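See the structures that follow.
Both of the next two complexes hold chain A, though its partner changes from chain B to chain C.
Let's turn to the complex of A and B:
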């Protein structure tokens, strides 16, 4: 009777122990051998993946979920902070997905970073990040979640600035930290509110005791936290800037795992959000705005990694839209499927970049299908999955979200924006394929061919390709939908997403055709610049707000306090008033006797007149 | 100057003041004042250079105007009340006229404008006589008047302290500074005249002592500007070290003697329910304190850059008798603990 919870709990704790073990071995000063990354770290992640399949199968068979409270860490009279894990549907499914993706990425990294002198440290950072992420998704209270939250933030900072000799990498890491921190304000506010009003951070107690309260403020705090972590519009510039880190970092953190932490938080807290229409509307509109804005920016980028980064951002907006529709399970579904094909897209980009000897500009690429055919094929599979080609992984989640959006009674503007973004997805994906894979090579670097000889390149990509194809089908067949989907709708609504995507493809092909003709004598700069320069958001925000706060600070501190109050109205006022009187008094001495006698006369006159009064 | 002439002039100077002290008839008092004026004129003009002559002329004209006004006032009083007694003036008009005439004589604001220019044209010893001895006779007469209009004297007093403060701030010539300081001190004296005349007398005596020391110090250093004060440390180091204290005593800083009159006057004014006037007078003392501080700064607190051997003082024999300076300097620095005795001593 008790076997299932025992097995579930034990397996998941064992997963954590397996992951932590290589980190513990790094505490000893004993030198590790050169294949420590491959033999220890990757193997531990692989074993952890297979171990986590056991709870997954148990869940699929019995629907078993477990909550483990293991230790009361801090307690005051009325408030306890525990270590408690929640292995419910979301974390039981997400953990194997994350481990599978990480396994592939680590294998790829062993080829990608093998010339780096500090490769052991790199693997250690990736492993630490993974542990923090697992802590985040399995947390049953907000404090533990916050530990994981901050952990992934810090590891993101360390990994983005891996090549710290590069100034751009350092500023990108700073951007990541600062934007994340701004989001953290929201999370801490929500935690404080809950500590004050609900007297606990345990999620079960939060859900129970918040039935009748007005939850607008903490929900807005949580939405701000998600905006920061998941790069929604307003706190989004750090995500494209984070492409300064090595490609494995981009694949793991900034596509599959870390950036979905914000969405995951909202999914966890979705019982709170259900009853608050304001929060749902905010999520909906914010998500729609994000997805269309970042898709617009992706259209004219020239760096292959930036295109994939903006694609990530756009999909994150779509997940936020799903939350705004009060469909957290669909958002979770998209998280899982998105992890596969986005990680694969990043790994393919990394492979192409290395094969072209560190060329990242797509205008200098071309003909990759000759250089690295496997990679190019998987690039195509990933792009098709991304655009929602029927029955690949992305279709199940993306189409479900768009159907739910079309059939809802909510914001039509959000619907239109999301459909436009879907079309743009097709456009930039096709642009990517055309520039990178088709045509002939435009860079001389391609003559030094590498030809994908190392299986460490192709095996991970192939594994993720299998995932991109099958994951959607597998997951949707095996979970129970928590909300009833709309089953009947007009044909046009049903095929809206597909039609829009096809339209996008056609538009892209047509636009590509136009590059051979010159229909205008000068180029259309403004729209292109808007898209290329990310909507001018980073230049404006990164310069305007520091300038405003610094000038305000200077005005208050030195002009208002020092100069005005402490000088001009204080000591210097005395000086200035008295100086005028002093000069008047001494200027009255002109050396004329007339002055003496005139003053005498005036005084006498005044005094005698005053007698009579 | 010929010693006989000098003796005659000094004797006449003393005679005039003594006559005024001893008189109860207006005409006799006026006569004493006139002898005073006439006696000091040759003393002022003895150096014969144009600046001295100009100062002499200005002094004569001002004092003559004042004396004429005083005579007119006493005549008006005789016409109106039929008697010539100084202490029995009861009509407001002659009282006011006489007060203002005496104010012009001693240099109270707003009738002070002649004092800086006259004092600037004189050498330091003659200036000393002008500042000290010449104030005694008119103040005696002022003490004996019964003012009908109490606010006149208060206004004169406050104006004098303020103008004495403001005027002295813009000066670099020591004699002009001392002229403004004289105006300020006379303002304090006049302020409390109608409430506690003994305090006026006390203030006068202490002021005479302090000014006496100041003038003699400047005379010893042969300095008439602030710049020349700066080298006084080399001529007479001990005096240069005490001079700042003396100047601060003039400024009314406790625990030096000059604090005594200001303290007692402020107390008397407060008792007479004139707190705003007391506050204003106290604040105006800050103005004059600033320029005394500036003088002491130039004299003793700073030194111009010099090499070490140049800082050794010259050990010259003193060319002047320094006993009077010693006595008055001691008095102007250390008499504050004897306040009760002095108050009792100088009671009218």
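Let's turn to the complex of A and C:
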């Protein structure tokens, strides 16, 4: 009997069971011991990771993919909603990547959050998030995907507002949930359209039955969903605001896993998008705009976490560009490689922040290479991988996307913007390294606090560093591309990404030299303010539309309803309508004979005219 | 802005307690039995008495003074909403300033709301909490911000439009067909001599 499908299915279901088990133990009333996070949660994620390597090896060896429909949930005569899992290339590769990154982050969290009184709950939330993410990734129907989608959104809300005593954290969590909700409108619309026109939410049936239909509306709905979840331009402010949450949350949710859910949705739905040039163009242009806008904002930020957050948003824009080029596999490759180096960048930032007593301003950092060399080295590796340095992880995905861009027939402005964003990536990455690692310490506390004694700090970072170096090579060597890449191109096109990155480094060094001589402490130049204040998008949008909608709502609820029903259409309206009639009639009936005779004459004249007509 | 003396003297009545005590009294002395005993003794334990809840628009100076006192404000600070039928009554019209603008370091009675007990509440207080609309002055004036943002978006949209009109692609040669560019297959006249087409150069 052919055992591969059974092994594949069993391993992946076991992965889910291993992850759910620690959550079930929290339902018991018994007090958990103090090492529950490490002994149960981290261990379960580690075991789940090694278990998920078995299906990965089977897939790499045999190309085996499987779809499991395990339970008929809500079935009518014509519409089925089942629990069905799709273990294809995307979910088989993404699951071990997510588990590996989560394992490292949980180990780091055991040090970072060890003084928190509710650390058990924190680990529980992270685990719940991970389960929701795996449900999203392995879903074979849109309903199950939606469960995972909402699950990651809610856990994001709970984790961003972890320190809920802080009003800024609450505001950031509200921003995240409201912006995600706007995106959910698009997803729900797309699901409704598919339920009505395609009669199913199962992906296979959707792909088969949609071949001759015009899919513009549902695709725009899916793009709106991706815009909300993956922080594309227009629905992007929640991602930098989400840095209010603890650093492990930023590392896991807001760089590696949750924010890529929108891109993952579009990758899953790529068979629908292939034949719709409008949807592809929208993705391309939106991605290009996002990548350059957020890279511009990252140039002038002084909070280390905000720089990395904008970098994440810029890379998400690049993934959207890859979708717009009709290259979903390249977008997926970038998701996988980006997860490693971005999580590592966040962990390095968290380590440095924690050592400096929660100092997040890079202008107050410096000289970290003397005090924590491992962290600084990994920060450098992560930055190099981010900029696409040859043969690190980011190179394989980023360079492939830029080559595909340069060789395609596409919007020229999208190409130019993406290259500019690539240059800016190098600029802000180098700025980060210069301010944090190079130079001398600018705060006295750093000298006494920074150390790398605890292996819970360095082991996860080193593990992710190995991923940042090898992941790109391993994935591209073992996965056959679905679309033939362009093999021949001029040297200038081939090296365009590298040249642009080098230009960015030189520009950053030059700007660094200039600012070393500046005479004013802060500049008031409009371009700098535009970049530093995030393009003025948050002040305008977060003041204007809430004020209009809340004032309107208050006016409708407290005044308009009563005014309408009492004064405009109800008793007072009856009074005001009748008042003019009453006034005229009572003015006429004052007891004056002249008035009566005049009325009598008018009546006689009218009657005569009527009779004669 | 500390709580004024006048408010300390006048403690609001806890209507829940009043209602509960009357209910208990009615139960013990109620004329009926069972439910009727419960119902006869109850009164609404919500809302305040007439001198605490908002009232009609104050027309005379005495009414204005009484309204100012009710809302714990000085008479010179008190300004009601205009009486144009919108139903505000004597509720004070406070400046449209959000809680973000208040001193974050002062020891407020409610630090998260940045408000002291007894302070008059803005009509749109729920809109001006720290999680919602912020009215604090911006570094850059509002018109300039709008000009920059919408100018940027407009510029990008224009450039994307031009990018669609003039796309980028690698140089390619036009398609070349044999038989004089497929003259007969394209419906050319078989009697006529077609124009010679050569797709090569020697």
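Heads up, the rule we're going with is that the second predicted complex is superposed on the first by the 539 of 613 C-alpha atoms of A that agree within 3 Å, B and C clash if a C-alpha of one lies under 4 Å from a C-alpha of the other, contacts with A are read in each partner's own complex, and residues count from 1 in each chain.
In this text, contacts are C-beta pairs under 8 Å (C-beta built on N, C-alpha and C of every residue); 3 or more make two chains touch, one makes a residue touch a chain.
Not measured: the values here are computed from a predicted model.
Contacts of A:171 after superposition: chain C is touched, whereas chain B is not reached.
For chain A, the partner that touches more of its residues is C, with chain B and chain C as the two candidates.
Of the two partner chains placed around the shared chain by superposition, chain B is the only one that A:607 touches, whereas chain C remains out of contact. When both complexes are overlaid on chain A, the residue A:558 reaches chain C alone and has no touch with chain B. In the superposed pair of complexes, A:546 makes contact with chain C only, with no contact to chain B.
When both complexes are overlaid on chain A, the residue A:289 reaches chain C alone and has no touch with chain B. In the superposed model, A:495 makes contact with neither chain B nor chain C.
Once the two complexes are overlaid on the shared chain, A:591 sits against chain B while remaining clear of chain C.
Of the two partner chains placed by superposition, only chain B is touched by A:581; chain C is not. Contact residues of chain C toward chain A in the complex are 85-87, 112, 123-124, 126-127, 130-135, 138-140, 142, 144-146, 148-149, 152, 156, 159-160, 162-164, 166-170. Interface residues of chain B facing chain A in the complex, by the touch rule stated above, are 58, 61-62, 65, 69, 92-93, 96-97, 100, 104, 110-111, 113-114, 116-117, 148-149, 152, 163, 166-167, 169-171, 287. Across the complex, chain C is touched by residues 165, 167, 170-171, 174, 281, 285, 289, 406-416, 489, 493, 526, 529-530, 533, 535-537, 539-540, 542-543, 546-547, 550-551, 554, 558-559, 562-563, 567 of chain A. Residues 578, 581-586, 588-589, 591, 593, 595-597, 599-600, 602-604, 607-608, 610-611 of chain A are the ones touching chain B in the complex.
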